[in-house]
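Presented sequentially are two complexes of subunit A, the first with subunit B as partner and the second with subunit C.
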Partner chain A sequence: MADLEELREAILNGDARRADSLTREAIAQGVEPLALINQSMVPAMDEAGRRFECEEYFVPELLLAARAMKAALEPLRPLLAATGARAAGKVVIGTVKGDLHDIGKNLVASLLEGGGFEVIDLGADVSPQKFIDAVTNSGANIVALSALLTVTMPSMRNTIEALKQAGLRDRVKVMVGGAPVTQQFADQIGADGYSENAPSAVALARRFAGSAA
Partner chain B sequence: MTGKERVQAMVNGAAVDRLPLMPITMMFAADCAGVRYRDYVTRHDVLVEAQLAVAERFGFDYVSVISDPAREAADLGAVVEWFDDQPPAIVESRALLTEKAAFQSLRFPDFSAGRVRDRIEGVRLLARHTGAERMVEGWVEGPCAMAADLRGLNTLMLDLYDDEGFVRELFEFVVAMEVEFARVQVAAGATLIGIGDAAASLIGPKFYAALVQPLETKLVAAIREMGVMTRLHICGNTRKILTGMGATGADIVDLDFLSPLKEGRAAMGPRQVLLGNMDPVRALRDGTPESVTAVLERCWDEAGPRWIVGAGCEVTRGTPLENVEAMAAFARSRHG
Partner chain C sequence: MRYQLISCEVLFREMCDAVARSPHQVDVVFLSKGLHDLGGKAMRKELQQKIDAVKAGQHDAVLMGYALCGNGLDGLVAREVPIVAPRAHDCIALLMGSRSKHAEFFEANPGTYFRSTGWLERGKSGHQLSMGADLSGTNLDELIEAYGADNGRYLYEEFTRYRANYQQLVYIESGLEPDGRFEEAARDEAAEKGWAFRKISGSLDLFRKLIHGEWPEEEFLLVPPGHRIAASYDELVIRAERDAP
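On to the complex of A and B.
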């Protein structure tokens, strides 16, 4: 019988090969994809996030766990698509225009994906128009903006303004984060939320998803 | 005392007439001088003029050539994206060492050309103008930061688990290169070499102790043998690696706002000179002269006498002049 706890451990320990093989075994044994996600992957990435917050895990361990999670998720994707299973929410994420730093954004994207969200990662140096296009095409309900530099923080404001101009602002919740970003700044630019680290970003997205129509 | 004497006295454990003042200024300095940041990072004469002006205006005890992390990387062939008025950035998606095999053909940059030479000439000009009165700080990248610039930060983080031997070799190459880069800056007149290793704050105590700290120690020792001081700057959260940072032998250790000075003091002992750790955004940029003074009082209280006034990282663009003036006034009015 598939051992969901073992899969959770494999992800948590960053063992991508083991995570992949355990997932395939579980699928072969008829375990429901959503059970694998909800009982192994989500708890594994939640625990990885918790350890990161407690400074038991650092960036390498978190990226390793994310890689294992993605390896486990890969064989599930076609099954999830076939069953029409819905994600916890759909997030468009990117580092804003002019900023090429992406490690913080990558950590948030991985934890969101591990948390059951569908994540459309636009990468770094993303223009407001690309965010608009991605929201329009995907129907995402959350937009997550990252910036590491104080000089690129105005791009967050520009992106939010562009979403307004495009008539999309009311369809999405906008969350912002990054080393120089503060709650005060988030309020000033009209963001819906701010989080100071990756695990809190997941908690925030869950609140948004829960409050969505 | 001159600024130079003051910093030297602080590092040597002698009495100082007031607390030394050494905040990092880059875009702030360029803005004060009314120059585009692209000019600041590409023309040493522009950088020097801005550094001299900001040091004069606020009474800084040093000037520095720090500008961006892409000096060495650009000359090694890394793809760099340029902006008109912000620091150039290394394009991680096209990292120079995306393929590990490229490492075998990597050689030191030509220190008589390119962006590294511009930095060296900046040091020379600063030394000529103010070397008698102020510390002149050259700058090199630390092993973890430089390796991340070459390999890509995300990839390097996974390499730590996937191929530790490769990481070790890359770090060794970086340190050998940075020793030579420091040497030419010292020859040009640098009296202090700053070592920036921000990426080291991401990797946790296990990898820091095993891979980074020994190489930082080697770099510090080699630079100190040149007869100049060293400053270790690892911004970010370094709470779990504080003891190791102190053990590198760096004369000055910077602490960012996420790393409390009292923890730094406890980990590194009473003799270590600490610098920082005011939050450059929330406390310095967004504060008032009164709140800046209050934060600095707390910093001094936590750090004790072996302490240099400065922010946890760069004084950011848009910081009110009166807040930096409050920082300067604090240093002027406190005796070490």
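On to the complex of A and C.
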């Protein structure tokens, strides 16, 4: 029997190669893809998030865990596609106009992918129109906006306004984050959610995906 | 008048110059640039402690040697002594001499990384503890040693990806430099990262005004006792709000 605990450990330790080979072994032994995801991968990422929140893990450890998670997911993709399993949700993510900071945004994108979401990453300095185009073309149900500067935070408001004017606001949940962003600001600009750090952004997206389904 | 200045060490030389020339008696405390990397909440907590240690009867005002700094000043409360804070989003505006100059520059030159004497000699952070951390000191060998060859290389790529977003490094010259060493260090850093180098003249105006007690409403916020600083997300950057009990 494949060792699900060992896979969990490999992801948690950021050991991408080991995570990949353990997943392949498990598949060869006939372990259900969803069992692997639910019993090893999701718990591993949840634990990585918990360690980050109590400052046992920092950004590097979190990035490495997300990388190992993606490596473990890769061999499962064809199997999941064959069973008709869909992504947890589709997220359009980007750093808002005027802001070039993308480390936090990249981390959230990685963790979302690790969490089973399909992620369309628009990069940094993304105009409201680009968000609108991406939502229109992809049919995404979640939009994630990042800003690291107080001077560019108003771009978040502009992006939400633009989504409204394009008639897309009701089709998507908008989540915002970034070092200077607060819950209060999120409420002020009419975002659906705010998260303080990358792991809780994934939890928030899961809640949105659940409520949209 | 007697003021207490609470300042980020990144502004050390500029503040010291203004303090030395001030008509007022100014006590000074410099805090680690690392506070900036910890994010708004942790920064605010530390700053509030320093503010609370300033007592009425001893000092007439607390001067903040900070801009809004990632909302690190949002929510700070003036209890017994008024607080004076520059209306600016970050210290680049302080070093340039006005937030409109900074805004114009920002608009015309996206993709600019800034350096000043303080950022060069005190600005490097040792560890990537948070998302707001300065990653300019990222070192491949150190990452490989800490995380192994494969993961170390991966982290290095992740932590240096931001470089592609920038085109130039701008050194803001204060005029207080002893010689060309700072400009040279900035030039070297630009070359190492593959960015163009440019030098601009900064201004000491805002430092002088802050420390000399010239606080025009347009440039400085006066927070009376019982009020707190709030980010306003408009032209004036910050406003004072009554601190609800």
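Criterion: the second predicted complex is superposed on the first by the 212 of 213 C-alpha atoms of A that agree within 3 Å, B and C clash if a C-alpha of one lies under 4 Å from a C-alpha of the other, contacts with A are read in each partner's own complex, and residues count from 1 in each chain.
In the analysis below, a residue touches a chain if its C-beta (ideal position, glycine included) is under 8 Å from a C-beta of that chain, and two chains touch if they have at least 3 such contacts.
Values in this document were obtained by computation on a predicted structure and should not be read as measured data.
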Here subunit A is shared; do subunit B and subunit C fit on it together or clash?
clash
Where does A:154 make contact in the superposed view: on subunit B (first), on subunit C (second), on both, or on neither?
second
For A:60, select first, second, both or neither according to whether it touches subunit B, subunit C, the two together, or no partner.
both
Is A:100 contacted by the first partner subunit B, the second partner subunit C, both or neither?
both
Under the stated touch criterion, which partner chain does A:144 make contact with: subunit B (first), subunit C (second), both, or neither?
neither
Once the structures are superposed on A, label A:16 by its partner contacts, choosing first (subunit B), second (subunit C), both or neither.
second
Applying the document's definition of touch, where does A:71 land relative to subunit B and subunit C: first, second, both, or neither?
neither
Stretch of subunit B, among 97-105, 241-249 or 295-303, that runs into subunit C once the two complexes are superposed
295-303
Which residues of subunit A are in contact with subunit B in one complex and with subunit C in the other?
14, 58-60, 63-64, 67, 98, 100-103, 106, 124-125, 149-151, 179-180, 182
Per the touch rule above, subunit B residues touching subunit A in the complex are 27, 81, 83, 85-87, 89-93, 153-154, 157-158, 160-161, 202-204, 207, 236-237, 239-240, 281-282, 285-286, 316-318
Taking the touch rule as given, give the residues of subunit C at its contact with subunit A in the complex, in rising order.
39-40, 68, 70-71, 74, 89-90, 103, 106, 110-111, 127-133, 135, 143, 146-147, 150-151, 154-155, 158-159, 161-162, 165-166, 231, 233, 237
So in the complex, the part of subunit A that touches subunit B is made up of which residues?
14, 55, 57-61, 63-64, 67, 98-103, 106, 123-125, 149-152, 179-180, 182, 184
Mind listing the subunit A positions that touch subunit C in their complex?
14, 16-17, 58-60, 63-64, 67, 98, 100-104, 106-107, 124-125, 148-151, 153-154, 157, 178-180, 182, 185, 198
